[in-house]
Amino acid sequence: MELLRTLCQIPAPAGNEAALTQFLLNYIQTASPGWQTQPTVLAGEQWQDCIILVFGQPRTAVFAHLDSIGFTVRYGRQLVRIGGPVLDEGIRLVGRDSQGEIDCTLGSDEETGQPTYEFTRDIDRGTELTYYCDFRETDTTVQSCYLDNRLGVWNALRLCETLQDGIIVFSCWEEHGGGSVAYLAKHIYETYGVRQALISDITWVTEGVHAGQGVAISLRDSLIPRRSYVERIRRIAEAAGIPHQLEVEGSGGSDAKELQHGAQPWDWCFIGAPEDNVHSPDEIVDKRDIASMLALYQELMRQL
Amino acid sequence: MELLRTLCQIPAPAGNEAALTQFLLNYIQTASPGWQTQPTVLAGEQWQDCIILVFGQPRTAVFAHLDSIGFTVRYGRQLVRIGGPVLDEGIRLVGRDSQGEIDCTLGSDEETGQPTYEFTRDIDRGTELTYYCDFRETDTTVQSCYLDNRLGVWNALRLCETLQDGIIVFSCWEEHGGGSVAYLAKHIYETYGVRQALISDITWVTEGVHAGQGVAISLRDSLIPRRSYVERIRRIAEAAGIPHQLEVEGSGGSDAKELQHGAQPWDWCFIGAPEDNVHSPDEIVDKRDIASMLALYQELMRQL
Amino acid sequence: MELLRTLCQIPAPAGNEAALTQFLLNYIQTASPGWQTQPTVLAGEQWQDCIILVFGQPRTAVFAHLDSIGFTVRYGRQLVRIGGPVLDEGIRLVGRDSQGEIDCTLGSDEETGQPTYEFTRDIDRGTELTYYCDFRETDTTVQSCYLDNRLGVWNALRLCETLQDGIIVFSCWEEHGGGSVAYLAKHIYETYGVRQALISDITWVTEGVHAGQGVAISLRDSLIPRRSYVERIRRIAEAAGIPHQLEVEGSGGSDAKELQHGAQPWDWCFIGAPEDNVHSPDEIVDKRDIASMLALYQELMRQL
């Protein structure tokens, strides 16, 4: 899991994904000669900090968001949230401003309860802070900040190794309301006629979805995908004998929001390993669920 | 009102409208030879479960959503809402899962207040439940679940009988955040240059809008349509002497949300009969308001 | 500031911007012969009540919204909000209905706390009311209702005088959820390849942004612009020595919402003078901040 560890350690809060994008472009250049099929790589200013990889004759696109939650430094010691991070006091935050490296801790304002930082000096207004990455691996689990969604990115990169026909999309801003999938989806639909999507992202361990029991196929979250598409996916997963769990939620969202609301008739399904300690520095995922996630994506990209 | 009764009885919760779509396609095939003008029918996978009917040289499009509110079975006895259904305990819910037909009642969790079901057995995770349809007709009223929006669909179908120039759209997902009008509207604007819309949907009886006093022309709800378009519609309704009421709300929405926020300059107006007992199994509408709704649509499609 | 005074006095609540649009078209026709570059003017039904001005070979587009907050008359004495107006009782409201001119005051319902009007007669359902404009100018400040965003419009018009390459957009509905920028942005991107935007709008005086200390460059509000674009803007402002302040907020929005969520890869940045008494009849702005706003826009349109 060295690749995953590296992915988790690169700061990429929503709106400033450039460092992770650059890492991925380098990785793709280095690794792709070993892939079964050579993709066309779409990247550059026209795509902001997103990347699209097109393999063969695509029928389905996989979306994995690059960005993470975090904080923006406001005035005084105030922090403003990027996405929905856990706010426990004492969490270690890192960043960089005009005066150099920052390694501080998360506090909270006594009056407002809003997040603050505690540090030896003032931090430049507008500086982004992210969780310090303490990557921990055991025989059965990986644990780190930002498994959501570096694990989804990792899944997509591993999928590239054997993918013959399909599209892999690395998107931005997912944790903070979205902002890239609308144009990515438009281009993909208009150029390749593809309107089937899989969302390679991480979900929650709940009373109905348990660690170690397989990748979760989400039947719905705050949005409801088209039933007939989700049923096709369920049948493929069952026929292939890949361990999986069915998830039903009334809240939560993903890159699928932009597919659902965009001006193309996308069918989509969220499929991802469940994690505990969501949006904290201690996100933890069972390795069996990572394995079944990759296996299911491989199968689906062949059959859908 | 046999057609309306049939429409109300077909389950079509948001995301799973396929059964109603299939019924409509059959109905259109059977009925359209009797219509004054033969439409072009756009349907199939590219349109998910939506249908577009194009008559003559269209200038205006009518949007009627197919989907209804309902529930998704979660874990244990929990239900998750589809749209915003009334949650009164004891309401009869129906559906079907791998073990067969379901006829159960709505309950609520003692601790969380969230909706639950009461049934003789567990229901498969992800199963959709809808209100049991008890269709009641008197000389002056119709009453049933899902008059919102089967009455809007019925109005559109009746409008087809005499329509010469115009577009009729049957959309999906309206009760749960939308998801089809963006691409339907894009296609219609780009293909036919049409950017005038009427929303054939059902509204609320309130202190300002009364049953039996005519179809409601909405001047605004949570969104505000372009004033000059709504004024044209008011003038046509007045000149034609069709009973109508002016509605002003600060909340509520419709398929118009996607028109308002889409990437085409749509003018739109919500025009529909008011109902009482909204989003319950006992939605009730005055037949005079149904008559004036259809009459106004016929007039507007001629004059706009 | 006679032009600004005139702009503030023309009612243009969201959805009914037509009077202001007409004034601007007349102004542009009269004033543009004196501008350094003659723009192409896009206006008319296809653009609803929006206007696009295209100068030379554009690389960047400036968005200034025409509409304001206000009220819609509901039933009885009830008012429904347009956008988020201040609701202090006694505020003077003006409008016009079938019975003539209206000059009334804002009240509030004793039971619901919702806004009402107090007037000598009933007002027609659906009538729009706006703040009475009491424009006040001193050596150092301007004060009026609707400086948000007539000052942003004024800034855009003054910018036109010397603009060589760029696009100026006057948009609608910004105060009430948007509705025009999606199609304006689509046209601009597809026709001119422009995907850099500046939002010419007014922001808030806060603990971190003070009147008189220069135009505010927003690093984020409820949305987060792409970091690399905002950094370019900061560097240009610094190099040019134009007084400015950096703003960091967790709430608030602008026309940028539609750029961020639209199907084109727009980079955007909100740049505007701060005002106090936001969304009240007494919005006040320091003239030095107006001067630095215009100076920064002139510089950015040359260099971006």
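Just so it is clear, A, B and C label the chains in written order, and each chain counts residues from 1 on its own.
We adopt the following convention: contacts are C-beta pairs under 8 Å (C-beta built on N, C-alpha and C of every residue); 3 or more make two chains touch, one makes a residue touch a chain.
Which protein is which chain? UniProt says A, B, C = M20/M25/M40 family metallo-hydrolase.
Remember, it's a predicted structure, so these values are computed and weren't measured experimentally.
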Partner chains shared by chain A and chain B (touch criterion as defined above): C
Angle, in degrees to the nearest 5, of the Cα rotation that carries chain B onto chain C: 120
Fraction-based call for chain C against chain A, same above half, different below: different
Between chain A and chain C, centroid-to-centroid distance (C-alpha), Å: 36
Contacts with 2+ other chains: residues of chain C: 262-263
Chain C residues within the chain B interface of the complex: 14-16, 18, 46-49, 72-76, 80-82, 125-126, 128, 172-173, 176-180, 182-183, 185-186, 258, 262-263
Interface residues, chain B side, partner chain C - complex: 206-208, 219-220, 222-228, 246, 248-250, 260-265, 267
